[in-house]
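The data blocks that follow each hold one structure.
Consider the two complexes below, in which chain A is the common component and chain B and chain C are the respective partners.
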Partner chain A sequence: MTVHTPASAPETQGQLMIPPRPRTWPKALGVTAVLAALTILTTIPAIGGVEIDLASIARNWTNGVDRIVQMLTPDWSILPRTWQPMLETLQMAIVGAAISAGLAVPLSMWAARPTNPNGVTRRAVRFVLNVVRAVPDLVYATVLVAMVGVGTLPGVVTLVLFDIGIVVKLVSEAIDSADAHYMEAGRAAGGTQTQINRVTALPQTWPVFASQVLYSLELNVRISAILGLVGAGGIGRLIDEMRGFYRYDALGTIILEILVVVLLIEWASNVLRKRLR
Partner chain B sequence: MSEQSHAVGSEAEGATSASGSWPISLTDVTVRYPNGVVALKDVSLEIEPGQMVAVVGLSGSGKSTLIRTVNGLVQPTAGTVRVGEHEMTALRGKALRHARGDIGMIFQSFNLADRTSVFRNTMVGRFSHTSTWRTVLGISSHHDRDIVMRALDSVGMLEKVWERAGALSGGQKQRVAIARALSQEPSVMLADEPVASLDPPTAHAVMHDLERINHERGLTVMVNLHLMDLARQYTTRMIGLRAGEVVFDGPAASATDADFEEIYGRPVQPRDRLDVS
Partner chain C sequence: MTATDTAAPARTPALPIPPRPRQVAARAAATIVTIVVLVSFWGLDLEWSKIAQLPQDLVHYGRLMFSDPDWSMLPEAALQTWRSVSMAWIGAIAGVVLSTLLGIPAAHGVGPAWVRFPLRWSFAVIRAVPDVLIAIIILTVTGLTPFTGALALAIGGIGTHAKWTYETIEAVPPGTAEAVRASGGSLWEVVRWGLWPVAAPELMSLALYRFEINVRTSAILGLIGVGGIGAMLTQYTQHREWDVVGVLIIVVVVVTMLIDAVSGKVRRRIMEGATVRDVERKH
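Here is the complex of A and B:
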């Protein structure tokens, strides 16, 4: 390889001009020190840190043992009573995932830099979504049950809000990090951002989008088990009831059933994902 | 090949392109990027309608920036750019998009959306002639479809119209990109290193396509190249760019090796030619 600029040739003969290597270790050390300090600080009770009393686990663990033992001996006679609520949970999960998927398409595009170069609207969408994500799902469910009454509707709305939060975040981050050369062609042809997004960015984003929606469907089954505790319908209502009667053997059955459903959904979504690639 | 080509081009213009072919004019154009890099220094150029011009220079010489100032993908910090009736440097928003619709462009990396069909990729060329809501709803007029099919046919890609763009070879992708630009029914064609990602036979085929567009449709063609033999063989006029300044402007066929050494700022090397012979 010859030297590119003849003018600089004499200087580089013999001795290499290696630029000074930037020092990165002070920064790494600093970050590690800050993280360590924060971890220690948060566990000091004197300044209001969280109390992590490991000894209490040793003292109290026997209290839960009989419940765990009961759960490990499932009472199968409860099964017929679970079909209806489990079906309701699945319906909530699917409807919630479907509605959120529809809403997440434009929102993901507006929240990502390549598909929305306008900083003001992009930050506004991101801010609203951060707020939506910051509110715990149980809070949504509780408030919605109070607003529209006990049933599946508050559950579905809660799931939609929860799903939008995660799907839009993950999809918009995927758009942000993907190569978007095709955008330049659309721009050069005089297209509006919406036209470019619709015709080129949408099909490019399709696999990651579908993948996240399937993941949200799986999460929905898990979450709707909890939502029943506050009256938002589904299998959770039965869980709450059984817990109230200390029927831990029945709870064991329901938990196993949820596990089976979640595994089935995971299997189905893996099959779908493979086809999408 | 000589002055003949734009004589032929000028005759053909009325028959093939509604708006005819346009001149390009740059006056004292300077581009300084936000990071302080000056990509173009006081560049002034007059390109006649129907001319086929090569812009030659090494990477980093500013030729990508130069070609992008013509369709406003890069806005100059100073100076004016005129393309036909449009003063590109004065246009914003809708007016700029309409002006870009009259200027076709192809790219080194083809810039197709790989996951969608050849047809939809070519429809991108109709963006500036289509309302946003029609694009969003996916309604294309018979007229637009006809233009797209004809454009694909003219580059021999009609049989691939329903195939996924990602499934094509490099040469086929660049042909689809040419069809996309042609379906704009442009008056000027820009090409940024159109053959740098292609093997020699395919590179010649694509250069030949550009030459044909110049001859048959009479389009003004401005093509960035870094290989001297391609510039000599296919273009009539050559503009040499080094460190953002025009260092050569003359007939391409008669440009000597010494002229190229002036443009490159170093002796000519084997890799400056496509055909090693």
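Here is the complex of A and C:
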């Protein structure tokens, strides 16, 4: 305000005006109140909340430490038995990622605005995929195992459902935000929507698509490691067995093996992803 | 060479079509990927009769689950859902507090190297262990209770959340931190006044996202018996009471989508609110 009158400017130059402190406490109070209310509501056991039992930690913490110590002294003799289930886990991850990749191409075209101007089908596809994404992976596996029986089939179907949810969401968002110039050129040249999608949108989103499929492969290895806990095949079956026998030293070996495989897959997919750019 | 000089003007109307690029590497990669996928497919030993029957099975069980859901189980399902959401919430609060305390010293420019690297390694180790296994270890301490689920979510969450925390802190433009340091601020003051105010909106948004993830994971932890909607679902699936399973799946989907929607709105508000405040400050 004083800047407009040159005469008063030299006076204020010496001392800088300290701006008034913004009044943030009402907002902070409101946020804190909501957080506190939710925390209290979630700790009342009578309405389904969590009973916080710190005494049991004080009493039994040595049990947990014992298990961790056992896990940190891995029993390598279990290793030969892990090869076959680990291979199965990898195969499930690859097949799941491949099938979902094939299904995700048309679905992500349907779910993105530039490639599907029809609002009704676009919203329908998006809604169905939101529902598919809302169900946790192991819940799919549990229900599918009860439906089709123990084995790798329910595991693969679980991974396919899980991957489609992620890949289609990320790829269709990439198409939505991509440059539409090529597609406009295709339309100006008189192409039908299918031709435009085939010739412009598909090559344009190919790198994003491939990179998301690789990402889903990484997630698949992590997930299929535990799918066996509910009977859906892979190394999780062995984890469940070892857990049943309280063989925590063997569990340590298996976890270490999963860690190595996951890191290898991440490394390989990072290398591939760099080549894609 | 010289002939083209005279021929060039005549040719201009017709644009030459560039030769199709030879994609030897891409072809080779595609072939390798195809072979790997096919080998995995044959190695998997899937039963073809079951695959052929899969669509039929899905329709059959879909009808059992959703044609006449047993809505009388809804109150029990609501209670168990709240138990799962509670696990997710307590797990998120504890996990985010722990991750913030551990993640900030692990950021470049805050903690010294001998603090930073051990912390980062331990986050990586936790990331490698599936949540279910963390819960299996913790249940030897606190038993098969929802509290075990919350603790597993809190500790399992540190792996990724602390990583996001230090990455967010490292992404803060160095200006404010340098200003605080230049005016004689201690390390604590640099973090409190130079880094925290800039990173806070992003961190809050990530904390809510952690809660969204936990809502899904808590249903999974229920499968190993710590309670909540996942435990109820396993139980009724094993008893093959499909009309109840239908209700439970509907409840899971509705609650998850609802929480995602609300949390997404709040997160957008947090992030956009921050930019609006910035714009106002400039004037």
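Going forward, the second predicted complex is superposed on the first by the 214 of 277 C-alpha atoms of A that agree within 3 Å, B and C clash if a C-alpha of one lies under 4 Å from a C-alpha of the other, contacts with A are read in each partner's own complex, and residues count from 1 in each chain.
The working rule: a residue touches a chain if its C-beta (ideal position, glycine included) is under 8 Å from a C-beta of that chain, and two chains touch if they have at least 3 such contacts.
Note that the coordinates shown come from a computational prediction; the quantities given were computed from them, not determined experimentally.
Undergrad: Looking at the overlay, does A:Val150 come into contact with chain B only (first), chain C only (second), both, or neither?
TA: It touches nothing on chain B or chain C.
Undergrad: A:Asp53 in the overlay: touching chain B, chain C, both, or neither? Say first, second, both or neither.
TA: second
Undergrad: With both complexes superposed on chain A, which partner does A:Leu170 reach: first (chain B), second (chain C), both or neither?
TA: Neither partner.
Undergrad: Going by the contact rule set out at the top, does A:Gln195 touch chain B (first), chain C (second), both, or neither?
TA: In the superposed model, A:Gln195 contacts chain B only, not chain C.
Undergrad: Figure out whether A:Gln204 sits in contact with chain B (first) or chain C (second), or with both, or with neither.
TA: Touch status of A:Gln204: first partner only.
Undergrad: In the three-chain superposition, say which chain, chain B or chain C, touches more residues of chain A.
TA: C
Undergrad: Taking the superposition on A as described, I'd like to know which of chain B and chain C A:Leu79 touches: first, second, both or neither.
TA: neither
Undergrad: With both complexes superposed on chain A, which partner does A:Ala134 reach: first (chain B), second (chain C), both or neither?
TA: The second partner, chain C, only.
Undergrad: If you stack the two complexes on chain A, which partner ends up touching A:Glu184: first (chain B), second (chain C), both, or neither?
TA: A:Glu184 sits against chain B, while chain C stays out of touch.
Undergrad: Do any residues of chain A touch both chain B and chain C, and if so, which are they?
TA: Touching chain B and chain C on chain A: no residues.
Undergrad: Okay, in this complex, where on chain B does chain A touch?
TA: 71, 73, 96-101, 103-105, 107, 109-116, 120-121, 123-125, 127-128, 130, 132, 135-136, 138, 177, 180-181, 184, 190, 265-266, 269
Undergrad: Looking at the complex, which residues from chain A come into contact with chain C?
TA: 35, 38-39, 41-43, 47-53, 56-57, 60-61, 63-64, 66-68, 71, 87-88, 90-92, 94-95, 98, 130-131, 134-139, 142-143, 146-149, 151-153, 156-157, 222, 225-226, 229-230, 239, 243, 251, 255, 258-259, 262-263
Undergrad: Under the touch definition given earlier, write down the residues of chain C that touch chain A in their complex.
TA: For chain C paired with chain A, touching residues are 36-37, 40-41, 43-47, 50-51, 53-54, 57-58, 61, 78-83, 85-87, 89-90, 93, 125, 128-130, 132-133, 136-138, 140-143, 145-147, 149-150, 216-217, 219-220, 223-224, 230, 233-234, 237-238, 240, 245, 249, 252-253, 256-257, 260.
Undergrad: Going by the contact rule set out above, which residues of chain A touch chain B in the complex?
TA: Chain A residues touching chain B: 2, 4-6, 181-182, 184-192, 194-196, 198-201, 203-204, 206-207.
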